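Just below sit the structures, each encoded as structure tokens.
Okay, so chain A shows up in both of these, paired with chain B first and chain C after.
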Partner chain A sequence: MRIGVPRALFYYMYYPFWKIFFEALGHEVILSSPTNKKILKDGLEFAVDDACLPVKVFHGHIVDLLDRVDVLFIPRIISIEPGEFICPKFLGLPDMVKSSIPDLPPIIDSNLSVYKNRKDLIGHAKSIGTDLGHSSRLILKAYTIASTKFNSYKKFQISHEQLPLDSGQKSFFDSNSSYFSRHKNKCLGENTLNVLLLGHPYNIYDNYISMNLITKLQKNGIKVITPEIIPVKNISAGAKNLKKRLFWTMGKNIIGSTYYYMDCGKALDGIIHLASFGCGPDSIVGELLERKLSRNRLVPFLRINIDEHSGEEGFNTRLEAFIDVIEGRRRN
Partner chain B sequence: MKVTFPHMGNLYIPLRTFFENLGAEVVVPPLSSKRTLEIGCKYSPEFACLPLKVTLGNFIEALEMGADTIVMAGGVGPCRFGYYAEVQREILKDLGYDFDMIVLEPPQGHFWDLIKKFKYITNKKSFKEIYLAGKLAWKKIILLDRLEKMVNRIRAVELEKGKTDKAYKKALNLISNARDEQELAFARQQIEKEISSIKKAKERNLLKVGLVGEIYTLLEPFVNFNIEKQLGELGVLVERSIYISQWVRENLLPSFMKSKEPEVLAKLAEPYIPCFVGGHGRESVAQIVSYAKQGFDGVIHLLPLTCMPEIVAKSVLPMVSKIHSIPVMTLVLDEHSAETGLRTRLEAFIDLIRERKEEEEFGVLSWD
Partner chain C sequence: MECYLGIDVGSVSTNFALIDKHGKMLKKLYLRTAGRPIETIKSGLKMLKEDLKDDIEIKGVGTTGSGRKLASVIVGADVVKNEITAHAVASISEIPTVQTILEIGGQDSKIIILRDGIVVDFAMNTVCAAGTGSFLDRQAQRLGIPIELFGEIAIRSKNPTRIAGRCAVFAESDMIHKQQLGYKVEDILKGLCQALVRNYLANVAKGKEINPPVVFQGGVAANSGIKRAFEEELGMEIIVPEHFDVMGALGAALLAKKAMSQNKQKQTNFYGFEAAFKEHRAESFECNGCPNLCEIVQIYVDNKLIARWGDRCGRWSENVAV
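After this line comes the complex of A and B, so read on.
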């Protein structure tokens, strides 16, 4: 069966798992095209107008997949870390899509919730497999393969500091897998500028939404660090500085990474926070971040809000100005 | 210690009773006003939702009046409300205020923590004293809810315009001033007498509209431009889906004291939103289905701009409205909302459902 996986939202975190799992069950995974003008336009047309940019883009990716798949995969992602949630919109994502886009093929909307126990990922796999009509033996086998490879991929991602960034049509996972066990990336360099890029994975790694932010930074000789390549234990150590535990995983990653780098005295030349207009969690997280950073004024901080009307020229100007600032600071 | 808390509709009445009966000095912030909104917005994050901004304004106004201890509710997500207090504390600190913030987290099995916090606020009063103060406050909440329900039913049919609201104001004062249960029982009798004496017009084809949505925008008349009153003035019988007593039950009481009603209700939303989506997103949908089944003529859905749970609800509303054949209008509120715009939309909506009701009577049945 051809299973359509939208190249949006949690694609940047879970695609390796889903791909291996589906293929182990004998299905073909069809990925939507990288975000483009048409996808954005379709997203704007179908999604409820109050939704944030990434959710609208997700709707566009569904439209992109419509004619080429037998089944659509829209998991209901509730929790990806024990005791934490993600944005409520993910909890209702399949419902939003079902009522916004007409003539949909069958949808697999299995829950993914590890709120109680990290091992509940197997429950997610089981319910996908059952929906597709497979025996529990096959599901278990596929799950074992997928979770082993997924875990080693995540380790590889951190140890080799591989950002989940697509190159052209190719998925980050497909292009990265050939790099498995290649040489290590440079650690925090003496001579390169190190910038901590914060934001939800589906904003910072989507080249269209982020207007190639990562590539632009790298072209300027900047080493980009994101929460995805920071070891989990460092993020948790940083997040412990909060008075109250933050209940959004992605928000926790953002704050935790910042606190970790600020408090451990790691050399950082700048911090960029990329948020999308109307993002609920980031309105809170961004505020905490900005207050923390403006109190000690050690690192230049750039906050960019993007929406469907963002113009690339204005974006470039701000970015260039920011790079000038951090380069100037380094020279002095 | 001077205790203060945020406004949400009439919540200040039982809260004041509760803390005063425990011997704490209470500073009730001025009722939310344009000024509250202005200072709240000035210091809040731009994309935060409206309740955060207005309640921050409440806190600043209360601190200006000399309050030094803020009592605020918390939460465990995924709705932003659970992190309000953390952000507000940082903002107020940066503004240079000196205060203590006590956050009442929902007692997920830690009901004792809540009692401990009350003990701290109230200078180590005994459990019994806390219980008694709580009981009176709770009775006030119940009476307030009853009062609001009565007022909404009668405002639409009053003969003499403005009579109901006069009685309502008087009643609020009576409840607010009652010092013990006896006085409260007396106040209740008086209120019932007063309200039942309001002369009613005979209206056979009264329109019935339900109000659903995010709790703060539903309960706080300042941010929803007193929508219940406006609808009443348009001759519409209004029923609101959430009352303070429900909120207290859900958020401050231990789980064994909760009613089963919300679970039964949530079943109604199952075809559209089968699982919890934070806040009252799923409940809003369930209430709309419930209103449709009770034969209401329309539903108005309120939410603050960028409210995550209600956006999920909003996205499925076209389907709910179609399947249950009930008109639904969504109103998104923020600091730029204006009363005239809201009034126009309300009038248009009411015209629409009135026409529809009349058509129905002549045997034409269609919403599309």
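After this line comes the complex of A and C, so read on.
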């Protein structure tokens, strides 16, 4: 069967797992095109007005897949870390899509919640496999393959500092040819400027939404560090500095990475926070970040809010000025 | 004489600054862009040419402002810099100890924080252009007051009225309301200055530490009413530098001077003042190479294609044979 996976939202985190899992079950995975103007336009047309930019873009990716798949994969993601939650829009995603877009193929919308126990991931896999009509034995086998490979992918991602960044039509992950995409995260030795780029993976790695932010930084000789390439234990250690536990996984990753770098004395030249306009969790996370960073003013901080109207000129002006700031600081 | 030229192409004004090799201002121009950036740049060049003695030699050119890219291909620039850096450079040259720069231009406003002569933080207005030059222009026009007299009249007020300055649209309706209630023009103008300053400090300057010396520049710095309102709100002296209206251009000229002095061998890219007499043409089309449908702009000089931009992928912009 052709299973459609939208190149949006959790694609940037879990696509390798889904791809291996579905292929081990004998299915073909069809990926939507990289975000483009038409996808954004379709997303704006179909999604409810109040949704944030990445959720609107997700709707556009569903439209892009409509005529070329037998079944759509839109998991209902509730929690991806024990004791933590994901933005509630993910929880309602399959329902939002069903009510907004007509003439949909069947949808696999199994719950994914590891709130109580990390092992509940098996239940998620079982429910997907059962929906597709497979035996428990085959599902378990596919799950074992997928989770083993996914874990080694995660390790590789951190040890080789691989950002999940698509290049043109090519996905950052290809299970057939080379095992991992090797997007070069430029490191120019001592003179490299290190910038911590914070934001939800589906904003910072989507080249259309982020207006090629990562590539623009790298072209200026900047090494881009994101929460995805920081070891989990460091993020957790950083997040412990907050007085109260942050129960949104994305927010925790953002705050945890910042605190880790600020408190461990690691050299950073700048911090950029890319947030989508209207993001509830980020409105608080951004505020916490700003307070932490303005208190000691050790590292220049740039916050960019993006929405569907984002003008690239204004974006570039701020980015160029920010690069001037961090270069000026380094020279002194 | 060796000179450096800076051009700042903004939404409302296009400014020129010509400096000598010591950074001294020789000639400045403040022109209204009037929605025709190419023509304005060319007429600026012509005006400069007419005013100057023949022994002037332009050794370097810098462009800045939202139209910096356009200006750079028309005149042949050595440095193309964002307006935040350009404003900071100019300000430091005038007041070396500056710690805060308030800049309000035609359509954007920014705050730049400096410590020990380097920029450490900045912010620009995001979604709202309330309180920028074009809004003040419009209100002055509506009240039938020349914009040059705006500040002077506002300062006369002894009893400013309170105007809702959160949003330009609401500020205007509030002003109309206050007029209809019979408030004096000077009280309304002063109230508007205070509202805009409050709005600026609450939005653009939110969370920024404003330390003196504070420099106020950009076209709106000509408005003494706004300057006074800043002084009252911040409780500190506000310095308006001599060339406040062309600080971006001055910064671009200084950056060009610096870039050229770092590399003595380098020849300037400047096309000369003859550029003003060439025929410039801009064309655009929609690329249908992919679903992004980017709008590509092509700039022709004397029917020769010299620059292209607007594409996301670089298919057009990276393929210009110059």
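Some notes on this structure:
Please note the rule applied: the second predicted complex is superposed on the first by the 318 of 332 C-alpha atoms of A that agree within 3 Å, B and C clash if a C-alpha of one lies under 4 Å from a C-alpha of the other, contacts with A are read in each partner's own complex, and residues count from 1 in each chain.
In this section, contacts are C-beta pairs under 8 Å (C-beta built on N, C-alpha and C of every residue); 3 or more make two chains touch, one makes a residue touch a chain.
Predicted model only: the values in this text are computed from it and were never measured.
Per the definitions stated earlier, placing chain B and chain C onto a shared chain A by superposition produces no clash, and the two fit side by side. Shared-chain residue A:P88: touches chain B; no touch with chain C. By the touch criterion stated above, A:N36 is placed in contact with chain C alone, chain B being left untouched. In the superposed pair of complexes, A:P105 makes contact with neither chain B nor chain C. Of the two partner chains, chain C is the only one that A:T317 touches; chain B does not reach it.
Which of chain B and chain C touches more residues of chain A: that partner is B. After overlaying the two complexes on the shared chain, residue contacts for A:G123 are found with neither chain B nor chain C. After superposing both complexes on chain A, the closest C-alpha pair between chain B and chain C lies 7 Å apart.
On chain A, the patch touched by chain B and the patch touched by chain C overlap at residues 305.
Considering their complex, residues 45-49, 74, 76-80, 82-83, 85-87, 89-91, 94, 103, 272-279, 281, 305-309, 311-316, 318-319, 332 of chain B touch chain A. Residue ranges of chain A in contact with chain C, taken from their complex: 33, 36-39, 208, 212, 290, 294, 297, 300-301, 305, 313-314, 316-318, 320-322, 324-325, 328-329, 332. Residues 47-48, 50-52, 76, 78, 84-89, 91-92, 95-96, 98-100, 111, 242-244, 246-248, 277-284, 286-288, 291, 295, 305 of chain A are the ones touching chain B in the complex.
Listed in rising order, the residues of chain C touching chain A in the complex are 66, 81-85, 116, 118-122, 124, 126, 207, 209, 290-294, 312.
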